[in-house]
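Comments concern the structure below.
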Amino acid sequence: MNTESLGSIFLNAALVNNFVLAYFLGICPFLGVSGKMETATKMGGAVMFVMLISSMSAYGIHAFLVSIDAPFLQLISYIVVIASTVQLVEMFIKKISPVLFKSLGIFLPLITTNCAILGVALFQTSKGYGFLESVVYSLGAGAGFMLALVLIAGIREQMNFAEVPNISKGTALTLFIAGILSLCFMGFAGLGS
Amino acid sequence: MLKKTLDISSSPHIYKGRSTNEIMKNVVWALLPVVFFSVYSFGLNALLVIATATFASVLTEHVLCRLSKKETTIGDYSAVITGLLLGLTLPPSFPLWMAFIGGIIGIALGKYIFGGLGYNVFNPALVARAVLQAAFPVAITTWHPAFLTDRFSSIASSVFTLPFMEPKFDVISGATPLSAFKFDGVTTSTAELAFGQVSGSAGETCAVIIILGGIYLIARNMMNWRIPAAVLLSAFVLSGILYSINSELYPSPWFMLFSGGLMLGAVFMATDMVSSPITPIGLWIYGGIIGILTIVIRVWGGLSEGVMYSILLANAISPHIDSIIKNRVYGTKRKIKTA
Amino acid sequence: MALFNLHKNTFKHGIHPPESKDETNGLPIRQFPFAPVIILPMAQHIGAPSQIVVREGQEVQRGQLLAKANGYVSVPMHAPVSGKVRKIANVPTISGKMSTGIYIEAFPFSTQEVLEGNPIDPDTATPEEILQGIQDAGIVGLGGAAFPTHVKLKVPEGKTCETLIINGVECEPYLTTDHRVMLEQEDDIFTGIKYLLKATGAKKAIIGIEANKQDAADHLVQNIPKGLPVSVQVLPVKYPQGAEKMLITSILGKEIPSGKLPIEAGAVVVNVATTAEIGRLLPHGRGIQERVITITGPGVKKKGNYLIPVGTPLRYVLEQVGVDEDISEVYMGGPMMGMAVSNLDISIVKGTSGILVFTKKDVNRSTTIYPCIKCGACVDACPILLNPSKLGILAKFEAYNEMASDFNLMDCFECGSCTYVCPSHIPLVQYFRQAKRIVRKREADKKEKAHA
Amino acid sequence: MSDDKQKVTSTDEFIKGLWRDNPVFVQVLGMCPTLAVSNTAENALAMGLATAFVLLMSNILVSLLRNFVPKQVRIASYILIIATFVTVTDYAIQAISVELHKSLGAFISLIVVNCLILSRAEAFASKNTIGKSILDALGMGLGFTLALFCLGAVREILGNGSIFNMPIFSEGFQSWIVMILPAGGFFTLALWLLIINALQTRKAKS
Amino acid sequence: MSEASNIEMQNPASSKKMLLAMVSIGVISAFLIVMSFELTLPRVQRLKAEALEKAIFEVLPGTVRTEAFGVNADGNLFEIAEGDKPETVIYVGYDKNEKLVGYAVEGAGQGYADIIRVLYGYDPKEQKLIGFQVLESKETPGLGDKIGKDEEFLNNFKALDVSVSEDGKLLNKVITVKHGEKQNSWEIDGITGATISSRAIGNIIGTSTEEVVPILYEQSKNEPTVNN
């Protein structure tokens, strides 16, 4: 029943239905780590990576749960798997590249509670994507997350040097900017079809 | 006897003698012909819409300055420009109450919360229009036909819709050249487009007048020519390539350049200095992004027009352009900043 | 060909302020009368102030050594007038700081004959002897910087000087000193070049002159002595071409690496008036006592180029040339980089190249400062291609370290082009001056800490 | 935070979540569901109550087990507990109304990663008695619901001209569609924050 | 429990206590989840079935009983066995006299924002579509979502021509035209301001009917065999 091409899955996930700006997923890191360009890029990279891994695992789990006919375990197993993948990835990176670990390390635990990751797993299941589609979907979602994060980080860095009125300082300004960006992304509507 | 006290000041002691105020004023001059043509082609409707948007912008600027206990900044003309540009991007029969709200949003959301003139990341007029587009999608896509015979004697009923009420549009709209093409495959001749014989937003229809305004500002060195050049060039090249691939499916590059808000956007909105990059290379990249995104959205997107979104997106990217593309400082190697 | 050259023989960016030189560039240099009291500050140059060798009450002859150089980066000071040392006390200087200085009461009827010292023969002297001679003559950069010339001429070991560049650009508006010197003192200039070539070991000398002084260029070309490897290069008019780095780029097409000296490009740059002074003083072993100064500006009655004894009080100078009642600002140097004078009791120093007097209505500074609208005019003006707009915003938020580390603040040489063009009237140069001072202080503090 | 203060009365434990430490307006926690499902008052309320329920149940369990669970595995066990109650809630909502379940969509499942719940479990329930934990959960949960309702009400009134699906304006009201779009969510929350900022500055002044 | 062991694996140093804690939490969790699932399942299924039936009754007016069939590769309907998940599900509707009312078919396709899922009712006797409903869409509220609300638009589907030709193909593919320009009975009159969404509906129905309607038309000729 699903006739979407891989390209349109990617575009839809990244731009049209951007996880942050259209689905409100991953807002916490979006607000939390978007103050600086450098941390934003790193966080974005980490999220993209974990998203890909957990999307693949979620595909496997879903297939397994369907085969044993226990759909009610979906959520709990997804979250457990994501939490453990994050841990595994953390340990893996620590072993392979201490440098990378140093720059990414602090973000990885945060990712566990990033709804964007769980969101990808849940949405790909509810959309009934196959393996390849899931992978592309998670890549698109990750790219979209990264894009939104990087865009807002650049703007917020510039806002450090602006005479922002007291009442709009802080989260309010970030949310306003996010709202405007969300409007901007409406321009992409229909691109993925 | 010479007097004892002298004023002291820091060097330099001479100045070019140009002011921001003057630049802004000249942008207003350059916009006026566009406004006149708009009124000429759409009649009293356009006049009312543009005036309302401008009034609302200036009023908001004034009130916000008062509220934050600063001296009013309406004298710097930037609010006037925001209001005029907003008015020019609205359909001529747009309800006045919506235009008024647009003016408020443009200044409050587009400028004030960022810290006022000089700090706005996005073009305030386009922020306002984007919000209006999202809030009132029907009203903002109902186009009033141009050159109606009674345009100077009657006013469309939708214009005077009561505040917060849904407008009723009396004429079933004239389609814009772009929507006519996108949804019905009808092209409009370039001459008609260039001289504004079509319907559309109040100020976007006559490409020639817009270009003349741009040339005036460029000649007076009050606008960076690179932005419109880059926007138009990139849009032309991309649509030219598409046209040469399949001239049935894709419209001619000339049609793309002269239709919709591309000309108005390239000349008057993308060139907003505050929200565009500062280095020459950065400006070319910025303009290129706008041109390409516009064509991409027009050709493949769901909307028939993409100039507004392209410029806003490019605005969002422009801090990045500035932080990556820097002039190579004298006596140093070019720093490639890997952000 | 001229057009082609216009594009090639210059540096990037820069500005074109009105030249305002027409009123004085046709006026020959005239001797200025001696003031009754000459006030000579000891800190007239960059480096350690000179060390006074005379006592109060002592009679001195014009040209006599008053103070000796205090170290390598320092120069001696000579009496600009024959007279009596009335007192040795603190004197005001333009920066507002006080400096030790000598008050000399001029003998009104003295012949004012100048004392001679040990002449230095350009043909037989060694480079070291010439450098010593230049220091002994008390010569500093007369273009305005007042940096001891012998220090600048000393080619560091391992480096060679290929080209000697004589700076006759005089890009500052209003000033016509160098212009007149080139027209009237060509012999001194060429003699000076002979000394300089020898001292630096350069193979050739190029005199850079902006196109608005074509007459001076022609005059010099016609008078080049046989066998002297000198050429004249006419450059398009643009500010700040007179800055060393810009001039080298204009003439040689090379850039000086950030933080380095012109010798990196195999060049040494000497101001044309300085060169003339060397050529005039060294053959007689004399010290510097006077210099050519352009006195002009809308508030001056008798505008002109005057040969004024160093140490002449500014008040005396202005009284002699006559100024409007409502003068509001007086600048020492050009209008772009010169300093405003707060007190007329300061005196003319070796580095004073011009005196500008502006009345209230001539000062076209705007009082309203608009926010930066990122118009980019400053970016297009900055000769070293900085981003003054961004620097200005950072300065406003006191992000000085970021200015220095990410935006090359320390490369700014305060030419003022950005401030000149800024439509928002943001005092960018002031910001940068302050920022540089703070950054330097922080660096010094850091070093101190590291040492401690 | 106030958790560390000594001798907090039980009413205080309850009240703090409603206003002073409101999870949304003050702590800016749990943004994703706050923004995503606050497009109508009904959704907002349902989401708020669902979250409050999960918060309450997991606070109870975490507080009960706080001396039993070793430190190293506490986060993992919290997540497990939360995920359990979210699944339970998910089925409960489905059993109540399929329509409501559809309009809340995946965001019910996403309650799992609502930082509010995990942070209350970690910062409060794991250190306090069951009674206090219940009060804390109720306060925070209701505060969260209140905030969501504030957002949802504004968005529905402007965006749809109604509240709880009941039209409140006369015929012909022009709805502001932007309000029920994602951008409207950002704007509304930002506006609430502006108002709270302004109130606080005024309070600080006086 | 797999979760418990999963956690345990990452903490090789964990003591028996940790294991015990995790396992017992896991057991509690499992108990709660399974219990709530079992408890709610019947009601959830009933609600879902009711919702679907309601939709079918709407697109096939007069229906009182439905049966679900799959379509196999040869274009034949087959009964859905336990656990089967055929690509296309056809619901056959019968009236109170057990006579065939028509077929309800699900279609889906990319809309303006996301996938749109629709259900339409096909009457083989009239060779027309007689009902239409949007099951799921994320189209822009107030604009694109008119496809499910706009009376004028929904009227299109009261009698939309999907006649099958002699050679077993659709005579005219269903297509959306610009508002006010509908001329033929197989055209859908679009919505002003929601061009993309209304066109998406045209596409979804066009593609789906092209594929399914000829099969259903064939099937309806030997209706008695279907009704077993």
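Worth a mention:
Here the chain labels run A, B, C, D and E in written order, and each chain numbers its own residues starting at 1.
The criterion applied here is as follows: contacts are C-beta pairs under 8 Å (C-beta built on N, C-alpha and C of every residue); 3 or more make two chains touch, one makes a residue touch a chain.
What you see is a predicted model; the values in this text were computed from it and never measured.
Any chain that touches chain A and also touches chain C is listed here: B.
Centroid distances from chain E, each centroid being the mean of CA atoms, peak for C. The distance from the centre of chain A to the centre of chain B, each centre being the mean of the chain's C-alpha atoms, comes to 33 Å. The geometric centre of chain C is 86 Å away from that of chain E, both derived from CA atoms.
Note on chain placement: the centre of chain B and the centre of chain D lie 40 Å apart, centres being C-alpha means. Multi-chain contact residues, meaning those touching two or more other chains, occur in chain B at positions 109, 116, 119, 131, 134, 137, 302. Touching two or more other chains at once are residues 371 of chain C. Counting only residues that touch two or more partner chains, chain D has 76, 80, 83-84, 87, 91, 177-178, 181, 183-184, 187.
Here, these are the chain pairs in contact: A-B, A-C, A-D, A-E, B-C, B-D, B-E, D-E.
Interface residues of chain E facing chain B in the complex, by the touch rule stated above, are 112, 140, 142-143, 178, 180, 192-193, 195-196. Interface of chain D with chain B (complex): residues 169, 172-174, 176-179, 181, 183-184, 187. Residues 68, 109, 112-116, 119, 121-122, 127, 130-131, 133-134, 293, 296-297, 300-303, 306, 308-310, 312-313, 316-317, 319-320, 323, 339 of chain B are the ones touching chain A in the complex. Put simply, chain A touches chain C in their complex at residues 160-161, 163. The touching residues of chain A, when paired with chain B in their complex, are 37-38, 41, 150-151, 154-155, 157-159, 162-165, 168, 172-173, 176-177, 180-181, 183-184, 186-191, 193.
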